[in-house]
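Chain nomenclature is as follows: A, B, C and D, assigned in order of appearance, with residue numbering initiated at 1 for each chain independently.
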Amino acid sequence: MEAYQISPENLPDLTIQRLTPCDITNPLKKTGIRFINDDASVAVYANSAQLQNYLKFKNTDQPPTFEMAGPREKIHFDPDKTTAAIVTCGGLCPGLNDVIRSLTLTAVWQYGVKKVIGFRYGYAGLSSNSLAAPIDLTPETVEDLHTVGGTILGSSRGHQDPADMVDQLVANDINILFTIGGDGTIRGASKIAQEIDRRNLDISVIGVPKTIDNDITGVERSFGFLTAVEQAREAIVGAHNEAKGAYNGIGLVKLMGRDSGFIAAEATLANSDVNFCMIPEVPVRLNGDGGFLETLKTRLHQKHHAVIVLAERLEITDIPKQEHTETDASGNIKYPDIGLYMKKRIEEYFTEKNVPISLKYIDPSYIIRSHTANSEDSAFCLKLAQHAVHAAMSGRTNMVISNWNQHFTHIPMALATTGRKTINPNADLWQSVLIATGSVVAPKHQEQARLHLLS
Amino acid sequence: MEAYQISPENLPDLTIQRLTPCDITNPLKKTGIRFINDDASVAVYANSAQLQNYLKFKNTDQPPTFEMAGPREKIHFDPDKTTAAIVTCGGLCPGLNDVIRSLTLTAVWQYGVKKVIGFRYGYAGLSSNSLAAPIDLTPETVEDLHTVGGTILGSSRGHQDPADMVDQLVANDINILFTIGGDGTIRGASKIAQEIDRRNLDISVIGVPKTIDNDITGVERSFGFLTAVEQAREAIVGAHNEAKGAYNGIGLVKLMGRDSGFIAAEATLANSDVNFCMIPEVPVRLNGDGGFLETLKTRLHQKHHAVIVLAERLEITDIPKQEHTETDASGNIKYPDIGLYMKKRIEEYFTEKNVPISLKYIDPSYIIRSHTANSEDSAFCLKLAQHAVHAAMSGRTNMVISNWNQHFTHIPMALATTGRKTINPNADLWQSVLIATGSVVAPKHQEQARLHLLS
Amino acid sequence: MEAYQISPENLPDLTIQRLTPCDITNPLKKTGIRFINDDASVAVYANSAQLQNYLKFKNTDQPPTFEMAGPREKIHFDPDKTTAAIVTCGGLCPGLNDVIRSLTLTAVWQYGVKKVIGFRYGYAGLSSNSLAAPIDLTPETVEDLHTVGGTILGSSRGHQDPADMVDQLVANDINILFTIGGDGTIRGASKIAQEIDRRNLDISVIGVPKTIDNDITGVERSFGFLTAVEQAREAIVGAHNEAKGAYNGIGLVKLMGRDSGFIAAEATLANSDVNFCMIPEVPVRLNGDGGFLETLKTRLHQKHHAVIVLAERLEITDIPKQEHTETDASGNIKYPDIGLYMKKRIEEYFTEKNVPISLKYIDPSYIIRSHTANSEDSAFCLKLAQHAVHAAMSGRTNMVISNWNQHFTHIPMALATTGRKTINPNADLWQSVLIATGSVVAPKHQEQARLHLLS
Amino acid sequence: MEAYQISPENLPDLTIQRLTPCDITNPLKKTGIRFINDDASVAVYANSAQLQNYLKFKNTDQPPTFEMAGPREKIHFDPDKTTAAIVTCGGLCPGLNDVIRSLTLTAVWQYGVKKVIGFRYGYAGLSSNSLAAPIDLTPETVEDLHTVGGTILGSSRGHQDPADMVDQLVANDINILFTIGGDGTIRGASKIAQEIDRRNLDISVIGVPKTIDNDITGVERSFGFLTAVEQAREAIVGAHNEAKGAYNGIGLVKLMGRDSGFIAAEATLANSDVNFCMIPEVPVRLNGDGGFLETLKTRLHQKHHAVIVLAERLEITDIPKQEHTETDASGNIKYPDIGLYMKKRIEEYFTEKNVPISLKYIDPSYIIRSHTANSEDSAFCLKLAQHAVHAAMSGRTNMVISNWNQHFTHIPMALATTGRKTINPNADLWQSVLIATGSVVAPKHQEQARLHLLS
C-alpha cells in the first residue's frame, strides 16, 4: 500500500497513553514466549524523501517512530480480576467475527482473564437505553465464529453520550473495552477514554481499526479490505461478461469508497477487464471534448463494450454539486447513489447521440460487506486481535492497533482520526491503474488504446 | 511479514547496475505519467533496533536503502528497436501467467517495444538444444492469461551453460530478458548478466522473484504466496473435518516450504483448526517425555481428534538425519517425503501404545501450485511486472524487482541469492502461531490447553 | 424437479419433424459408438396418477412418450457439405459458452462438418440489417470458452422477420441452425422452421432450451439453473449476515423468476437462513391480520432479524395490480422492480408501527446471470450440445433438445412454447419450502415457529 | 443419470414394510400441508425399451413402480412419545451434516417428536462397547451444521452384532433409527430391522443412502455426488495446468469410485481438459499396439502434455490381477493404490522408451470427501431428510429414501443392496465421455484426434 503518506503536519505526538502501575508478571512468562521491549519502535517513514521532508518540516534530526506492538513482560491488569468487553460499530466488514473470536480466545486462554462480554448492536448497546443485554463470550461460543460473516454482536451506526457509556462500563465491571470500528468509532472511543481519564478510572480502551475502504490514517492495511477486493473482482468479471454479451454493452459497477478509492483501484488491478476506474481522489469531467462520456463513446465505437468501475463518491468537475449531492435537515451533505446517477447520465447521453447501448448496473456492496474473511484477512484479524489483547493487558489505552512497515504497531487514537488516508494520484498505486486501464499508452498506440481516463 | 530480517553481514552493496547511456525520453512523458527520481529510496530497516544493529555493525551513520522502482523520465532502450524475452523456471506458482501477461502488455502498450517473445520450458528453452522454439507474445495472445493457472511458456528445473544462453539471446536479437523464478533461477540470471557484461553486450537481465515458499531475501512478499495460503487453508479445513469424523482422527497436511515455514505458519493462522504446526526453522523432538508423539497422545486423549500441519522439511532433533534424508549419487541431500515419514512414525507409535487412530494424509501441493492467482496476487503480479518493465527500459540489469516497506524496489541479484529468508522463531509471526495453536497458554489453563508444540 | 407437471390438455403431438432422406452412414459408425434406434422413447409421465389422468383424459391406453435423443446410424446431412450456425438470444445464462463450445467441437471433431459459424447479438445478427458479421467458430477459437461466463457471440432480445432470417441462412449457406434461447427464442425458431418448410429448404432448426428460471415446459432442468441457485445462495448468506448484524435487521433478496419461482424455492432449500420465500405461483396478502407484514413484525419481535427471498414477480392479493404493475404504450404489462416495491412497503409499514428496522436490499441478478457454469451445468451443457448435434445431423428439425426422466429427449418446439413450467404449490418442492421455512410446524411449536408464509 | 438401469432379474418385491397400526392424525394436518396417498407411485422404467424388457421377462403387463415418498395423513408414532436416533457410517461424504440437521429439525419442529439423539462413530457407537455416549441433537445444536463438512457424529467402518445394536436401541428407548450410509450400512440396517421384526419391537429403521460414488441401485443420484464432481473438476484443472507447465507433462488424477466410475466420468464431462478417462466398468489394455501406453506416447508426441483421470479401481486386461491387487489375511481382496500403480507403470514405460516426461500425481480424495455440500447437494439433503422423517413417522421400516424419475421414493433395503449401480458403457453417459475425450472422432480427423481411449 504505497499509495499514500502521512503528511508531517498531521503527525501528532505518537506516545501511547498508559495506565499505571505495570508490575504484574505476564502469565505467559513461564511459557517461554518472547516479550517486546517498551522502547521497540518502527519507522513512520520508510520512503527517504518523505523522511527528509518531515525532518525539515519539524526541524529535527529524530525520525518519528511508532511503538511496536507485542506482549510485555510486565502487565497492568491482574487477569483473575479482569473483565474485558467488545463492541462492534458501523457497517459490516469481513473479519469482524474473526476479531471477536481471537480477542476472546487470547484474553481467556493466554492471559486467563476472568470474563469477556460483548455489547450488542454497537455503541447503542453500551448506553443506558440499550436494546439488548450484553452476552458472554467464551471459548466455546466463539470457536467457529470465523466461518461466518457479519458480527455475532450486531452493530449500529451513530454516537452515544460518552458519560453514559462510561457509566455502563462501570456498572458492568469492565476493565478493558475493545472497540472495533472506523474513524467515527475511534473518535467515540477516544471520548470514552478521555471521560475515563477525567474520572480517574482504571479502564483501558483499545481500538481495532475497521474500515472496508482501507482509509484510516496510520493503518497500512485494514482487515476485510483484501476480501472486499476479491469479491469486487467477482462483480467486475460479471460486468465484463454482461458488457460483452450485448452490442455496445456497458457493465457499470459501484464499489465502496466514500473518501478513498482503494477498493476500486485495487480491484481494477486485480482484474484486467476494467476500462474506466473512477475514484474520489481524481476529479472527472463528464462532458465536452475529451470528457468521460465522449471517451466512452469512442471506446464503444472501437470495441462495442466497456467496463466502468466507480467508487461511492466522485468529484465531478463540470456538474454543480447540488445535482449529485443533497443536504439533509441538519445540513449534512447527503450523497445520492453515484452509481444510479452515472447510469442515468450515460443513458441520457447515448440516447441523445442516438447510439443504442445496453447498460447493466451492479452494486455488490452488501454481498461484499457480509462475506466471510478470506484466508489472508482471517490470519490478519487473528494477529490484530492478539496484539490488541497484549496492548490492553499492559495498560495501554486511547490507542489503536495498527500495522506499518512489516510490524504491528500502537498508534494514538489522535492519529487514526486525523483525516482520511487517501490515494495519492501521483504515487504508485494510481499510476499502475493508469497503465493497467490503458489511460496512458505509448503515443504510437494512442489510436488503439483500450480506454482513456480523464481528469 | 514481520517475521524475518536481513542481517547486516548479509547485506551486499545495494547499488543497481545500469546500462548506459540513458538519454532517450520515455514515451510515456507525453501522457503525464509521474516519473521516479533515480535517487528515490526506501529504508531497509524500519525496525529501529535492527537499524541500530546495522549502523553499529557497519560503523556508519548512513541507514541502508533500496532504490525505489518506477518509471524513469530517461530510458536506455529505444522501444522501436527493442525485443524483450520472458522465461519461466522452476515449479509452478500461482500468478506466473499474470506476470507474463502484464510484462507483455506494459512493454507493448506503454513503451511500444517492437516485439516480445517467450522461451519455452525454462532455461532449457534458452539453450542451443532447446526442445521447442520460442513463441511470440502479443496483447492478443496474452489477453486472458490471468484466468488460467500454470505458465503458458512451460517451465523446467535445472541449469544451462550461461555462455550458451547468451549466444541464444544474441541469436534472437534480445535486448531485455525477464527471468521469472526462484533463487536458483536468479543465480542463473546473474551468471547470464555477468557473461553479458564480460562480452560487453547491450542486454538487460531483470528477475521477477518467484517462490511459493516466500523465502527470497530482500523480498517482503512473493507472488503466489497468498494464494498458496488460501488453498492450504482449504486443505486444512478438510483435514479437520476428517479428523473429527473418526474416533482419534488425525488430519495430517503437508505444505510447501523446504527451508522456510511461511506457508505452514500463515495457513495455521488463517485457520483455527490446527493443533500442531511444524516448520524447518523450529526443531522438533518426536520421542520421550513431552515429545511430539506423547503430546499428540495427550491431545487425542482430551479431544479425540487432532490436526497437524507440516512444512516440507523438518529439523527432528532425536532422529539421526540419515533416517529421514538421503544423499544422491552426487552427494546432494535428498529429502524423503516428510509427510509420509511422519505418517509412518505416528502410526507406529500408536500401534505400539495400542491406541486406535484413524490418520488421513493430505498433500495438496500440486493443487496449490497450479491454481490461478487470487485477486491480491493477481494485482501484485501486475504491479511487479509493470515495475520490471520500467526497470528494464531504463537500462537496469542484474537486479530483481521487489517490494519492501510499502514500496516497490530494485534489489541486486546478489542480495536475492544471499541465503534464504526464514521465519525468526522469536519474532511476531511464530509467536502468533504459538498462541493460536495453544502452545503457550496461561498456566491455569495448562491442563485444558488445546495442544502443545515442542522444540 | 418433481414440482410441476405437463397437463394432458397441453400435450401436443410429440412426433418430431424430420428432413428426408436419411441414408448417409454416420461417420462415427467406424468408431464403435452405440447408436440409438429411432423408436427409442421415454415415458412422459413417471408419476402413475398423472399417467392415469392423461389416459382418462385422452381416452387411450397408450402412454405418451418422448423420442429419445442420441446419435443415429443413418444421418441426413453429408458432413463434408454441411455448414452449421449458432445464435444465442435473450439474457445471459451460465453455460451459454459451454453450449457453443460443445456444439462446435462435436460438429467438427465427431461429424467432420465443413464449417461452423456464429451469428452475433441474437436474432438481430441473423437479420439483413445485422450490426456485426458472423464469426467462424473453430476448435481453436472455442477451446477455452467454458472458463468464461456470458456468450462469445453476444445476445439481444426481440424478434426479427422470419422471412428475412431465412434469407440470411440461405445467403450464408447454412444447413443447420442451432438457436440457444428461451421460449421467445424457440417461438422465433419455430417460425423460421415453418418458413423453411414453406420454401422447401433443406435446413434443420434445433433449439437448445435456455432459461435461467427453469420454466420451459417439457424440460426437466435447464442449463444454468443449478449455477443460479448456487450463486443465489451466496447472496442469501450475505443477506442473513446483514440481517443479524443489525437490530431488527432485514435482508431482502430478489431473485430471477418472472413466472416461476424455481430459483427462489430451490435457493431457499439450499440455504437454511430464509424465513420468507415468495414466488409468483403462491399468492401473498400483505396487510391485515395474519398478513405478511404483520407476520414479519412477529418474527422480528421474536428474533430481531429476518431473511426474505422474492422471485421477480409476485401475486399480491390485497393490492390493486396497478400499484405494482404498469402498462407500456403497446398495452403490454410492465412490471416494476418488485424488490424495490416490497422494500418500500416494508419500510413504510414499520415506520407507521414505529418499529425501528434496518433493511438491506440485495439484487444479485447480473452477478448470477454472467457467472461461469458450475461443474454440473458445464457437464450438462456438453451433453445437451452433443445431443443437439446428433439430432441435427439426423435431419430432425423444429424441435428442442431436452432431458426427462433420466434421459435426453427430443421435444417438438410446439411443446416447449406451450405455457410455462411452474411450481405446483401442492407438490413436493413447495411443500419442502413450507417445512424448511417453518411455515408449517407442529401445533405445539406454533409460538416459536421461525416464520410463517401466507397465501 | 441415464447411464445405468435396474435389470429385471434384480428387481425384488418393491412393497415397503410398515409398522401397524397407523391411525394417529399427522400433526401437520392443521397446517394445510398436502399429504401423499399411500398408493401414489412412480414408474421404475421410464425408458420404454427397458419397460418392455421387464414386462417380457416377468411375463406381466403391470409396469413396476416405487412407492412415492411424502407426508402421510395418518402416522404410526405418537410424536410426544417418540425418540429418534441418527447414526452415520463409512467414509465422509459432503452433506452428512445437512442430513443430520434436517432430520433433526423436521422431526422436532414439524412433528414435535420428544427427542433426537445421535450415536457416535458409526455402528460402533450403537454397540454395547461404544467408545462414546450418544449426544442430544436439538434445533439449537444443529442450526449451523450445514456450514461444516464431515459429520458431527463421527463415523466408522465395519459391522456390529445386530442383536447387540437392537439391545442398545431398546436401552435408549429409540423408536426410529435413521442410518446414513452406503450399501454395507444398509445391509447392517436391514439386519437390525429383521432383528427388530423377530423380537416384535416397535422400531422403525430408515436408511438415507450415502455413497459419494453414486453407486447404490435404485437411487438416481446420491447426495454429495455433485459436490464430489465439482471438487474433482478443481483437481483436474490443476492437473491440466501442471501438465502444460512441463515438456511432456502428464497430470494424473485419481478419483473415488471402486466399482463405478460416475465421479470420473462426470468430472471428465465437467472439464474439458481430460484426455484419458478410465473407470472400472470399461476394461483397459496397457501394453502393445494401440494399448494405453502407446496411445499416451502418441498424444505426448502430438501435444507434449496429457491429462489422465482414473477411478479407484481399473480392470486391466493384460496384467495379472495379482500385480495390482492383494489378498489380506481373511482372503479379502486388497486393492493397491491404482494411482500410484499407474504412475509407476507410466514412468517405467517412458524411461524404457527414453522419452523424458514430467508426471504430477494428484489424489484429492480427502479434500473432496470432507468438503461442505454445494448448494444443490445441500437442498437435496434437506429434501431427503424431510422425506425420511415422513416415512419413519408413518411407520415404514426396512426401507431407504430414494429419488427416481423426478420424485422422491421409498425403496426396500433389499433393492438398495442388490449389487452396485454401474455405468453402462453402451449408454449415454459413457458415450458422451468417448466423444468429449475425443476417443471417437470422424475418420478424417483421426490423425489430429486429441486422444484415444482403449479397451
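Descriptive notes on the structure:
Heads up, the rule we're going with is that contacts are C-beta pairs under 8 Å (C-beta built on N, C-alpha and C of every residue); 3 or more make two chains touch, one makes a residue touch a chain.
Values in this document were obtained by computation on a predicted structure and should not be read as measured data.
The chains touching subunit A as well as subunit B are C, D.
Chains that touch both subunit B and subunit C: A, D. For the pairs C-D and A-C, the larger set of C-beta contacts lies at C-D. Distance between subunit A and subunit D, defined via averaged C-alpha coordinates, is recorded as 46 Å. Subunit A and subunit C have CA centres that are 41 Å apart. Inter-chain centre distance (subunit C to subunit D, centres taken as mean C-alpha positions): 28 Å.
Shared interface positions of subunit A, i.e. residues touching 2 or more other chains, are given as 148. On the subunit B side of its complex with subunit C, the touching residues are 144, 147-148. Looking at the complex, you find that subunit B touches subunit A at residues 1-2, 27-28, 30-34, 40-43, 45-49, 51, 65, 68, 70-71, 79, 101-102, 106, 108-112, 143, 146, 220, 226, 229-230, 232-233, 266-267, 269-272, 374-376, 378-379, 382-383, 386, 404-408, 426-428, 431-432, 434-436, 438-445, 449-450. Within the complex formed with subunit D, the subunit B residues making contact are 92, 120-121, 124, 131-132, 148-152, 154-156, 234-235, 237-242, 244-247, 249, 251, 304, 358, 360-364, 366-367, 369-371.
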